[in-house]
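Here the chain labels run A, B and C in written order, and each chain numbers its own residues starting at 1.
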Amino acid sequence: MERADAELYVEVQQFYAEQMPLLEERRLEEFLETFTEDCVLEHIPFGWRFDGREDLLKEMSARRGDASAPRVEETSARRARDENVPYYNGLVYRYWFDRLRVVPDGDTLRTRYQAMVSMTDSDGKVSFEPTTVVEDELVRRDGRLLTRSRTVTHDSARWADKIHNPS
Amino acid sequence: MERADAELYVEVQQFYAEQMPLLEERRLEEFLETFTEDCVLEHIPFGWRFDGREDLLKEMSARRGDASAPRVEETSARRARDENVPYYNGLVYRYWFDRLRVVPDGDTLRTRYQAMVSMTDSDGKVSFEPTTVVEDELVRRDGRLLTRSRTVTHDSARWADKIHNPS
Amino acid sequence: MERADAELYVEVQQFYAEQMPLLEERRLEEFLETFTEDCVLEHIPFGWRFDGREDLLKEMSARRGDASAPRVEETSARRARDENVPYYNGLVYRYWFDRLRVVPDGDTLRTRYQAMVSMTDSDGKVSFEPTTVVEDELVRRDGRLLTRSRTVTHDSARWADKIHNPS
């Protein structure tokens, strides 16, 4: 298995250091510009799959909410989708990555990392979403890295039914 | 926006890997030697601002306490300052960083990262302070990096009133 | 103190990004192939020390359990050893590292990092083991890095008596 050299590895670290805060700051259109037009994002095991920027933008616009809004009532990922609830209202969420692997594969970079989401509410209470392992396919367009696919494998099979914001 | 190359990025990672454990180990004078004499540290939103090593040392000496002392009674950052309490007595605290960005800007490096503080008490209980985003200005003196300014933006506006060590 | 250059530092980051998931996935024999035959792993303060791959494999086979098994009843590290209990049954555990230092020392690399273990149960509940500081000695054999020794210093002296999986 070929490994990334330092320049490439650090470039990928910097890519995520710029990409993920856009999601945390709810700058959704800018976040999606770091994905290809035909990107795919899938959650396993469960089945939610989003195809293309437009599909993703629609989902994220409905779900990502506003950190300064009143805190969303207790809900789960599944229920928030069923009831069309802004899942992250009243929460500052941040992604924590570790174990980044970067493997060149032709024109593509295959990355793998573990991720954990912290949620800080307006009173400063911190909680965590179940941990995950993420596999991305990155491509280069006009010199910039973009995410073509992201597969999030949740460490708890019942993650989508967990109350993510217990009072 | 210019980005750091691998050598510089890794140098900054190593700088923090040496700087922050000094704070965790309460080696305050050595910690402050990694800041410039005229450093500024500011917490937002709130208003505490410390100007220069001496000011910082005075605050940290009063507040950082001792991991092997009996655990401090329930308190908040604000109350600990008002009552001059060693805020971290009985706690091992560690900083966790992610999303490091390093942007050269003339003679300065502007860094940005998210940070979370874990606290482990003597029984092994782990809790977390509200997450933050930190922006540093680093300068080079005699070949070594030093922090000239640090601005900590807390994700919870009420962070300073949170009980940080619930029993 | 000599520091690692970017290529070496990133190589070590990638080494851990490949090594630690093997432990998380309970691929114990493959995990131990990333250690030298005569490796030593020690927990401080406490005294458990394992000498050599065989000793470590025996301990880990008895203790690491199975993420898909029913969750182990409340126990501590010490009790799990006394009663020969698979400590991590029903839990997905992941190691989070930060503050990696890499210092070449002759034929050896001395690394130092802080580590935290998250545990996600099948319902998605997340909890954390007390934080630690780890010091490794890495050596190169046939071009590959291997761990020759690992010393885990726990931030709580009573870590081994903590209930690690509270209901």
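Of note:
Just so we're on the same page, a residue touches a chain if its C-beta (ideal position, glycine included) is under 8 Å from a C-beta of that chain, and two chains touch if they have at least 3 such contacts.
Since the model is a prediction, treat every value here as computed from it, not as a measurement.
Superposition angle, chain B onto chain C, using Cα atoms only: 120 degrees, a multiple of 5 between 0 and 180. Taken over every residue number at the interface, the positions common to chain A and chain B amount to under half, indicating a different-residue contact. Chain A and chain B have CA centres that are 27 Å apart. Counting only residues that touch two or more partner chains, chain A has 6-7, 9-10, 96.
Those residues of chain C that touch chain B in the shared complex are 3-7, 9-10, 96, 98-102, 112-114, 116, 127-131, 154-159, 161-162.
For chain C in complex with chain A, the touching residues are 6-7, 9-11, 13-14, 16-18, 20-21, 67, 92, 94-97, 118, 120-126.
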